[in-house]
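Each chain carries a letter (A, B, C and D) given by its place in the written order, and its residues are counted from 1.
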Amino acid sequence: MASVTLRNIRKNYGAVEVIHGVNLDIPDGSFVVLLGPSGCGKSTLLRSIAGLETITSGDIEIGGRRVNDEHPKDRDIAMVFQNYALYAHMNVKDNMSFSLKLAKRPQSEIDEKTSWAAKILNLEPYMARFPRELSGGQRQRVAMGRAIVRNPSVFLFDEPLSNLDAKLRVQMRTEIKELHERLKTTTVYVTHDQIEAMTMADKIVILRDGIIEQEGTPLDVYDHPANLFVASFIGSPAMNLIKGTVSKGAVVAANGARLPLPPKDSRARDGQHVVYGIRPEDLELGKGFDIKLSVTEPTGPELHLYGDLGEEEVCAVLRSRAELKRGEMVGLAPRLDRVHLFDADTGKVL
Amino acid sequence: MELSRRWQLLRDVAAVLVTGIFMFPIFWWALTSIKPISAVFDKDRVVWFDFVPTLINYGVTLFGMSRSQLAIDDGLGMGVAGSSSYDSRQSILDSIIISVGSTAITMVVAVLAAYALSRMRFNGRDSFLNWVLGQRFMPPIAILVPMVTIYAGLGMRDNQNLVLGYVGIILIYALMNLPIALLLLKSFFDDVPQDVDQAAMIDGATRWQSFSKVVLPMVKGGVAAAAVLCFIFAWTEFLLSLFLTTQIRAIPVKIQTFVTSTGNEWGFITALGTAAIIPSFIFILLVQRHLVRGLTLGSLKE
Amino acid sequence: MSFRDYDKKTFIADAARDFAARRISKRDFLKKTAMAGVGFSAFNLGLLGNVRRDRGLTLGEEAMAQDAEVNKWLKDVSGPFKGTKIRYTSEATPPTVVLDKLKGEFTEATGIEVEIEIVPLEQVLAKATQDVQGQLGSYDIYYLDQSWVATFSQDTVDPIQYYKDKPDLAMPGMDWDDFSKPLVDGLAVYEGKWVGIPFDIPIMTTMYRKDILEKHKIAPPNTVEEFTAAVKMITEAEKANGMYGTGLQAKSGHYSLNCDWTQVVWNEGGTIFGADKKFAGNNEAGVRGLQVYQEWLKNSPPESTNSTWDGQWQMGASGQVALINSWDEFFPGWDADDSKVKGLWECKRPIRGPKYATPADAGFGEIPGAAHQGGSILGLSKYSKNLDAAWIFMQWACSKDIMTRCTLGGGFAPMRISSFADPRVKAKEVVGPGTTRHLPVVLETINNDMASEPDMPLWAGFSNNEIPVNLGKLLTGQDFGGDAKKCMDTIASAIDAAVAEAGL
Amino acid sequence: MGVGQAPVVKRPWLPRWLTSEHPFPWLFPAAALMVVFGLYPLYKAVETSLYKKNAATRKLVWDPDFNWTKVLFDERVWNALFNTLMYTGIALFFQLVLGMLIALLLDSDRKGYGLLRAMMTLPLVIPPSVTAMMFLLMLNGSFGVLARGLVAMGFIPPGFPILGDSSTAMAGVLLAEIWQWTPFMVLIMLAGLRSLPKEPFEAAAIDGATPVQAFFRLTLPMMSKVIAIAVLIRGIDLMRAFDYVKVMTDSGPGTATETMTSYAGRIYFGNADFPYASTISLLTLILVIVTSTLFMRIFKVKL
């Protein structure tokens, strides 16, 4: 087991720089999720750690050892790929034992380790099958089995669940988490799915355009987004972000509505252009500002309201049930301690 | 889409009919090989089955019967006055050596290059691909003179050294088949996700191991299909073989020697021609599935 | 060779024929079973159960081996060359393929191996050309068609000279005078030098279907006019039977068409080249000749325009035509046992035109006459790396006995006067496979009517490209609108330009 | 250096370009083969074309303009160029259309269709030079079974020499060409058809499209890339086709079926004018390069 440290990683494709100096510490035994929209560089970063991509500058250290010039096989890592990358011409057992065979381990050790992995992953009945004879979830498990038999110091996951259906995804999520609890192997996990990130990570690292926007524990990132991007990216339905100008303890939106701020709020001065952020679940029916209701979506436990505030759409998630009609004006009251303010120009939180 | 029974029947009939039309020349060719010469050239009618079948043409071309003996002892004209060496067993052997040899070399060279072209990004990759395809642009007739001179200079003509003679023709065929084999194989390699190599590399494989133990076994069907195509192209090539060799007689060249000053020996031509179809056809049957897939050269994926 | 030897050999040849006769009856038996329906498999068994290995050409080979003298010579001179391999490339002509069989005896006696590469004629030309161009020495001996003799004259060793220069290698009993004079002149000699030794002599004679001519009460034609009239008459009369007066080897772009054409030009008193070395095919006689040919074409199977000698032979074999003015080589095949026209064809001296031009009227050593010869020679390559071994083989291949046996193997014309008189050859002057019954006519034709194409280095090109391609355009209506003169003028301008460019 | 390039394995005694991580060792054998047997002969051919050959003395004289000027003013070259393009165009058209139709016909999972498809591939394994002889025999005006069939159907008069008449010779040669290579197209088209997704067709059927509409609106567009590849490969070979013309008509009658390569062949075999034959061959090469490059640009064919 080992920690992973990235120092000022830069990566160019020709003249285009896609990673702009990333610094990141991944403590030993932690589960770190790299989260971001597609094209943000998260996979590139992961693959750089794996050694599948060369970096242009910077240092990668695994367990305190600089591995920039190491071949993937010498980095003591294991990786699970999005499409599993199973060896189609080998059965499950051979897939899992391939790395051990290449390392010329004794047969007894190979058998022991593969059956251990098979047991953990419930693959015992399928050892003689070929990948094409397995379901998606089983293939996923084989890919993980292949990773764990080596007992590496770091696991790397590259969007491993995106090819699975929703139910299986939830199940596998739990399994991976459990596996981590059990093995305590340092894990770097790439996904674009914030739910995955929130549920699994010890630490979330949010990337955009090759830059780390924010890192922290899931709740930290959720409760204290550092900027507009993180605020909008994390949470579903997304945080309401309404442009306005600060005026006398409130933010005046474009249509003149006054969005209340906590008393004596000192984050912004009067006349400053800001973005007013409030998560949908932090809005409740009451006196605050009015929206013109366009859609209501009952999900069972919750009621989602979508309405217009001038040009902007606002969403609220209510725990209570209410009889509301389309076109009705509804008053919403924000929980004032949960209001976020962002600088309209820099996007940074105030 | 489901067809009504009547349409289905119509389709069956049409399919059999069309295939039959395409089979006809081969059928006729094989039929001619067991006809006496008078039944081949009947001025009044087309002779279908009312002739006394003869296996003499096969006996002479494949089993070492003597044409001279038949002509002189048995009085068979078989079309011409002459008598010749029609024993084609050596030719069959030559064709097999050349085709198998060149296919083996093509495949080794093409598999290596196709892997790199599929897996590695480097400057000039597209130019290299175009250069490969360009090899197929060259009319064989343009390189006859240079090749003969070069081989003669290197002592690689079969009259100078028989083994090198085989090597020479094998290498030229290897080049001739390289474009099609390489492009075909590249399309098969492209079908294998890059992640697979990378998984292998992380599993501790070197580039070479991930190629030889993982990726190559995964495309073995495609390799077989490409090999069969190469074999067929080598098996059927005529012009280069004719000019680059003097004693090595591949089958298409050998058949041309049955065109004599007093007539085409149709019996032997058809017999050897028919016999020469068989090995290639067996190969093509064995890999037809992969061949069908492979011929689209990967253009099906986006 | 003593008379006793001859006696013995003919006796054995007779015995071989008897044996063959027994085989024929066996075949008949098999044929009958086949027809009875047990057919195919019975025949099959009979055939494969009786595979006769290729053991060289019989005809009593032991007795007919080389003269003791020649054999002794072979053993004496070949010592230093044991294990050498010599090569030549040749067209699949009857003598070549027979020689290919006989060469085993030579190897046995000398230890010199011989490789004969057999390919179609024009490929022989291309391969030989390639060889001399690069002076590669791939071939020790060239098989040269008479039309290329001039082209290759600078690449071969003069055999007469070499015979004199190397007395220790000279074969006893070579008897150079045994090659008939007109043949040597027309075939082997260019600018006074023997380019090679005559090896093969197909020559154009007139052949006719005895039965058809009798049926229509036509006498075998002697002149072009009679031939044309007979051809027209038969075409008209036999239309319903699918039969034509004559058949031609008029395949566009093929040398065979060039042969047909030169013959008709000579028949009208024309020449290919005038004494001024300008193309003369477009003069009055030349055009008239071509018009005669156009007339013949109308009375021949339409497939003639896609036929080489191969197609012409088929026309004769299938009973499609009654008169042919073409290669005597066709004859033995028509007389084979399985032929539909066995014994029906006869051969006579070629039809003659009103008058013939003299060699003095023509340029480039052309010899106008009634019988186009299509012979070939064996030339010893200057670039050979086994010159002496090849020379030994060449002398042996052109020796009296071997040449005679080549004739016996296929029934085509020999090169040596002595072969024509050989009792073995005489003995086969009967209807049947490998017949020699046409050879007396052939000898007479060689001695009296022989004509030869121009001897010039460019002739191989003209006769394979410019002339037959343009003739093809005319005869198939692609160009010239049927106007023979126009066609000839086109050829003339192309050829004259090429001759001028080459500086001849 | 780019995607998929891993860092070097530490093996200090080997320069990087000799390790399996670098494309060089992978490509070297292919490149060597192409240089030695491709580029060098090409260079020699170009060099040869710059000499003028004296037909009488066989001397080669350096005269770079001679053949290249001659080739431009040679009417037979233009005729051959026209014939080559016509031959290629017609053959491609028939092979494509027939190939597509037959592929559609045979694309069924019913019993027996597998056998039919296998039989359909048979023509591919016959040497083209043999195929040419096959059709030479069958098209013979006097004895050929096809010729007599056409006579029986009233298309041609009895005895008509299909290959010996300038109006039909090209058709005769094309018949052999089309017969042999249509199965190749069938194979490619079958591959294309078999990989088409089902959903669009079901959707179209629900939208009320007839099978014909579905073919033109869905099948064809979806298979356009396959078709482009097929046309490219076949087109290259067609422009260099030699065996059929050589064996069946010997470029004749006259020059009615003379293509670039068969004309080069005649100059080569008949006149032994290697420099001029090289020039014509190189002109053919240029033709192939230009047309296939244009084709690849227009139809965006990616190798």
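In the analysis below, contacts are C-beta pairs under 8 Å (C-beta built on N, C-alpha and C of every residue); 3 or more make two chains touch, one makes a residue touch a chain.
Remember, predicted model here, so these are calculated numbers, not experimental data.
Please name the chain that ends up farthest from chain C once chain centres are defined by their CA atoms averaged.
Result for max centroid distance from chain C is chain A.
Between B-D and B-C, flag the pair that has more C-beta pairs in contact.
By the number of C-beta pairs in contact, the winner is B-D.
At what distance in angstrom does the C-alpha mean of chain C lie from that of chain A?
Centres of chain A and chain C (C-alpha means) sit 90 Å apart.
Using Cα averages as centroids, what's the distance between chain B and chain D in whole Å?
Roughly 15 Å separates the two chain centres.
Roughly how far is chain A from chain D, going centre to centre by Cα mean, in whole Å?
54
Determine the centre-to-centre distance between chain B and chain C, using the mean Cα coordinates as centres, and give it in whole Å.
35
Which parts of chain D, given as residue numbers and ranges, touch two or more other chains?
Residues 1-6, 9, 142-143, 268, 274 of chain D each touch two or more of the other chains.
Among the residues of chain B, pick out those that touch two or more other chains and give their numbers.
41-43, 144-145, 149, 198, 201, 206, 256, 264
In chain C, what residues contact two or more other chains?
Where chain C meets two or more other chains at a single residue, that happens at 123, 126, 130, 133, 242, 314, 318, 320.
Which residues of chain A touch chain B once you look at their complex with the stated criterion?
Of all residues in chain A, those touching chain B are 47, 50-52, 71-73, 77-79, 81-89, 98-99, 102-103, 143, 146, 150.
For the complex, which residues does chain B have touching chain A?
Those residues of chain B that touch chain A are 193, 195-196, 198-206, 209, 213-214, 217-218, 220.
Where on chain C does chain B make contact in their complex?
Those in contact with chain B are residues 16, 19-20, 23-24, 27, 31, 34-35, 39-40, 43-44, 47-48, 51-59, 85, 87, 89, 91-94, 97-98, 100-101, 115, 117-121, 123, 126-127, 130, 133-134, 136, 138-139, 202, 242-243, 309-310, 313-314, 317-320, 327, 329-340, 409-412, 432-434.
Name, in rising order, each residue of chain B that touches chain D in their complex.
1, 8, 11-12, 14-16, 18-19, 22-23, 25-26, 28-29, 32, 40-43, 46, 108-110, 112-113, 115-117, 119-122, 125-126, 128-147, 149-150, 171-172, 174-175, 178, 180, 182-183, 186, 194, 197-198, 201, 206-208, 211, 232, 235-239, 251-252, 255-256, 264, 266, 269-270, 273, 276-277, 280-281, 284-285, 288, 291-297, 299-300
Give every residue of chain D touching chain B within the complex, in rising order.
Against chain B, the touching part of chain D is residues 1-6, 9, 19-21, 23, 25-27, 29-31, 33-34, 37-38, 40-42, 44-45, 48, 102, 105-106, 108, 110, 112-113, 116-131, 133-135, 137-138, 142-143, 145, 148, 179, 182-184, 187-188, 190-192, 194-195, 201, 205, 211, 225-226, 228-230, 233, 236-237, 240, 242-243, 260-261, 264-265, 268, 274, 277-278, 281-282, 284-285, 288-289, 292, 301-303.
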